[in-house]
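By written order: A, B, C and D. Residues from 1 in each chain.
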Amino acid sequence: MERPPDVFSRRPSLSGTIAPAMIQMFHVSKAYPGDPPVLVDINLDIEKGEFIFLTGPSGAGKSTLLKLMFLAERASRGQVLLAGRNVARLRESGIPFLRRNIGVVFQDFKLLPTRTVAENVGFTLDVLGTARDEVRDRSLKMLRRVGLEHKADVSPLKLSGGEQQRVSLARALVNDPALLLADEPTGNLDPALTVEIMDLLTDVNARGTTVVVATHDATLIERYQKRTLRLEKGTVVADERGAKAARLMSQTA
Amino acid sequence: MERPPDVFSRRPSLSGTIAPAMIQMFHVSKAYPGDPPVLVDINLDIEKGEFIFLTGPSGAGKSTLLKLMFLAERASRGQVLLAGRNVARLRESGIPFLRRNIGVVFQDFKLLPTRTVAENVGFTLDVLGTARDEVRDRSLKMLRRVGLEHKADVSPLKLSGGEQQRVSLARALVNDPALLLADEPTGNLDPALTVEIMDLLTDVNARGTTVVVATHDATLIERYQKRTLRLEKGTVVADERGAKAARLMSQTA
Amino acid sequence: MSAPAKLAYFVRTAVGSIVRSPFVHVIAVASLSLSLIGFGVARIARTQLDALVDSLGGEVEMTVYLAEDAPEAQVAELEQALAQRTAGEVHRVSPAEALGRLATQLGEDGKVLTELPDNPLPWSLEVHLPKAARDAASLGDLARKTRALPFVTGVDYGEEALERLTLIARALEIASLVVFSLVFLTAVIVVSATLQLAIFARREEIEIQKLVGATDRFVRLPFLLEGLLQGLLAAGLALGAVFALVRWLESGQTGLLAFARLDGRLVVQWPRLAGELVGIGCSLGLVGSFIAVRRFLRV
Amino acid sequence: MSAPAKLAYFVRTAVGSIVRSPFVHVIAVASLSLSLIGFGVARIARTQLDALVDSLGGEVEMTVYLAEDAPEAQVAELEQALAQRTAGEVHRVSPAEALGRLATQLGEDGKVLTELPDNPLPWSLEVHLPKAARDAASLGDLARKTRALPFVTGVDYGEEALERLTLIARALEIASLVVFSLVFLTAVIVVSATLQLAIFARREEIEIQKLVGATDRFVRLPFLLEGLLQGLLAAGLALGAVFALVRWLESGQTGLLAFARLDGRLVVQWPRLAGELVGIGCSLGLVGSFIAVRRFLRV
């Protein structure tokens, strides 16, 4: 079996060298065959431990950008580096091991209707070969954190939209990934729950996980004051890392 | 063929009698077998031509309430009247004709990946037996209104989340229904598009369609100042028809 | 919408679905046509096997040996009675004719007969038995009664050969029953299974159609049309395959036909076979999709 | 996780999937076991048909008639040569023995022989031909050469019967080839088709597994196990069905066995048949799911 790339390790490098960034993109473009390009000349640098909002109008390319990050799609041009590793050079058989370090909340949830909620969450651990009891334990614990422990043994078909979204989040977080990609993780949640889930995400982030959240919710961006990338028509039109303090000031003023 | 119930007619009753309400619910409860009840003793009266927001936390029962309105589910107890007609007395074979007057935007979109976007939108018209060319014409016109004419001949699989949501809305509106039920229709849209779509809905409402929108978006409810039903744990905890003016005043003050 | 326009819509939908997801349809058509090929081959084989049984049986005769002093009137009466009971032809055979035949029959050994001082053979009656009369039990009965007549010295009718023939016919009956029911069972299960899976793969479509107000009939019709189209297609393919098989057999490379004594030609009633295949194919397709669509219509 | 624990996980997953969506699995197992029943029946029928051909052929003999003055040394030499060439038994038959046999053979007609003044039959050699030697062409050659010997007056060997026997054997060969390939084709298509549809219905699961970091092997293994389980189950069912069929035939209600002269018993090597069915079932299941899973593994 191939070794998982341990560059994802969150422990500080003992040799004292500078740890590589979590995600780097150099002049990345993405076009689906037969269509105009969706992403054009993207340059990105997301450090380990950052919390990033990704925003922009519908169809701007947010989901596509996230797909490039967990290798559901490959860039048409340019270089994508994950934890310093050039993914273009990665063999097909290496992808699974890379993905085990990445949790993804899909915009359409992607839950299996034939499994229970707990089994859906445990999927990520099953793949790692975790023992059965431990899978169940950790799945339940994670479900409790998103407020759905009581729905553990129910089919996702029987859940409301917001409940499904939280299950998808639980699945993404259950194996404590180094990188969390969340595509519109609060789109079906009421404001109170949104705060709870965002607290969970900041908590996870505080413990070292790099978090990228695609969202349309302006209130969220305003409230949390994190670095925000704004995509429009496939290009990054704003990277408000520096503007953050400014905006914060203008509001408190 | 059975006649469609023409009680949905939006023309004023010639005989001068009072037109029945669009949706009425009396002591309606809904429990899925084996689970605690999802809706408890709901009483509702939605007049023809109203614009209603339905809000409440995740899992409160909003989608379930909408399902009762287009007969995807039947009430466990109580009476549901659609356009004055008691749906409990409706035969199974009458349901399709009733549904033809109701447009539904599903929370999970429910688009067919094997058809093009235009075909998905035209589905509603096909069912009515509309001629082929007219189906195409009206579908394209509707797609233009949601800003997706250029994606007409593409599979929904190739659309972004927000684009899919708008296709679902186009399908719901293409046959100019008397009643529109929209479950979280802007959950995947950016603020600018949300305004556009809401404008479309108010426009449709102005032309006589009764509109019920389930949403988590507080900004929406605040901005549009419509009658808002708030569900919590399966019961209506607030019906802010009267409070509307008051809130409006408190904000402008 | 007018009726033909509506039909056009349904046909378009059915064809569209076949074009869109060819995979499930290819499988359904393949399994349907395999079943139909099985049917066609069994059908032709049955005819050929009947011919084979006949050729194996050859001529079946009953010979009645007459006493030297048999009275002409009674012999004539017996002749008539036998002709009537067996519906066969009856010939009177003279001793000289009988000796000649015997000599031919014996081949090399027959030479001994030429050395006979005089013809020891009696007059006899030869009954050619038509197929219908070749029934071991009733022939045995007839032979016993004839043997009892005072002017009859003996009756031969190839008992053993006849019994074996009866057994062959019966065995073929059973064998074709077993094969037929196996083929039929396979066809029904496989066809309805593939169609159910095909529709299972499209339950989403059915669900959405019903949610936007389609009647059950509206949902069902394109599926039924699909089943019909699949049946037609499968029948065409099966007919082609059976035709090719028959031509191959007739080409003489196999020797199968020489054996069945058909001069290298199979007697196949093509129009009838085509009709049967199309009929069965369409019914299987229709019934299969009907059953299948019913399972997923409850939304 | 340890290897046995991992295996347990895969078995659990496979069994779980069978329990969760029994529908597709029932279909797959049904079509698999129908194919296996077809195979089993064909297998047994082939053995029985071989026996049938033998029984139809009966004894095949060659008779060599010797001249009255045939020199003993050369006759003995011929005897040896024939025994060697045909690998059969050779008997010398005296004129008296030959006449006796002829009389019996002729039945009623045989009475004429008792009236012969003296025995006109020559000495002869009778060659019992074993199965292997029953080849029309080489026997014809042998007969021609023997006939050319000065002390041989004639050779008979039932040319016509032998040729027919050869034809029957050949026809059965061809027929079973056609049936076998039809059954086999059906089996392969149907099994891989149902398994593909079964997996098609679960492409979502495969997609999600791959998205959360499952290796191809991890995705594939439960499907392969499922195929294996299906194969085993189908083999068991098929074996049961074939066993029931054989018992039914042996019960004598059909008369099929009396015909094949097997005293109402079919000679079936059950352990071997069971092994073959399990082997074929498991391979079909494995290969089918392997092909099927490959189609949907690219996510």
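Convention: a contact is a pair of C-beta atoms (placed from the backbone, for glycine too) under 8 Å apart; a residue touches a chain by one contact, two chains touch by 3 or more.
All figures in this text were calculated on a predicted structure; none of them were measured in a lab.
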Please state, in steps, how far chain B lies from chain A along the shortest route of touching chains. 1
Neighbour overlap between chain A and chain D returns none
Name the chain whose C-alpha centroid is farthest from the C-alpha centroid of chain C. A
Just curious, how far off is chain C from chain A if you go by their C-alpha centres, in Å? 68
Please report how many Å separate the Cα centroid of chain B from that of chain C, as a whole number. 63
Centre distance in Å when chain C and chain D are each reduced to the mean of their C-alpha atoms: 23
Take each protein chain as a node, join two nodes whenever their chains touch, and name the resulting shape: line, ring, star, complete or other. ring
Name the touching chain pairs, please: which are they? A-B, A-D, B-C, C-D
Chain D residues touching chain A - in the complex, by the definition given at the top: 1, 5-6, 9, 20-21, 204-205, 207-216, 218
Can you list the residues on chain B that touch chain A in the complex? 32, 35, 55-60, 62-63, 107-108, 158-163, 165-166, 183-184, 187-194, 216, 218-219
Applying the document's contact rule, which stretches of chain B touch chain C when the two form their complex? 1, 70, 72, 93, 96-100, 102, 104, 106, 110, 112, 114-115, 123-124, 126-132, 171
If you look only at chain D, which of its residues touch chain C in the complex? 23-24, 27, 30-31, 34-35, 37-38, 41, 45, 56, 63, 65, 98, 102, 106-109, 111-113, 115-117, 120-121, 153-154, 156, 164, 167-168, 170-171, 174-175, 178, 182, 185-186, 189-190, 193-194, 196-198, 200-201, 245, 249, 254-256, 258-260
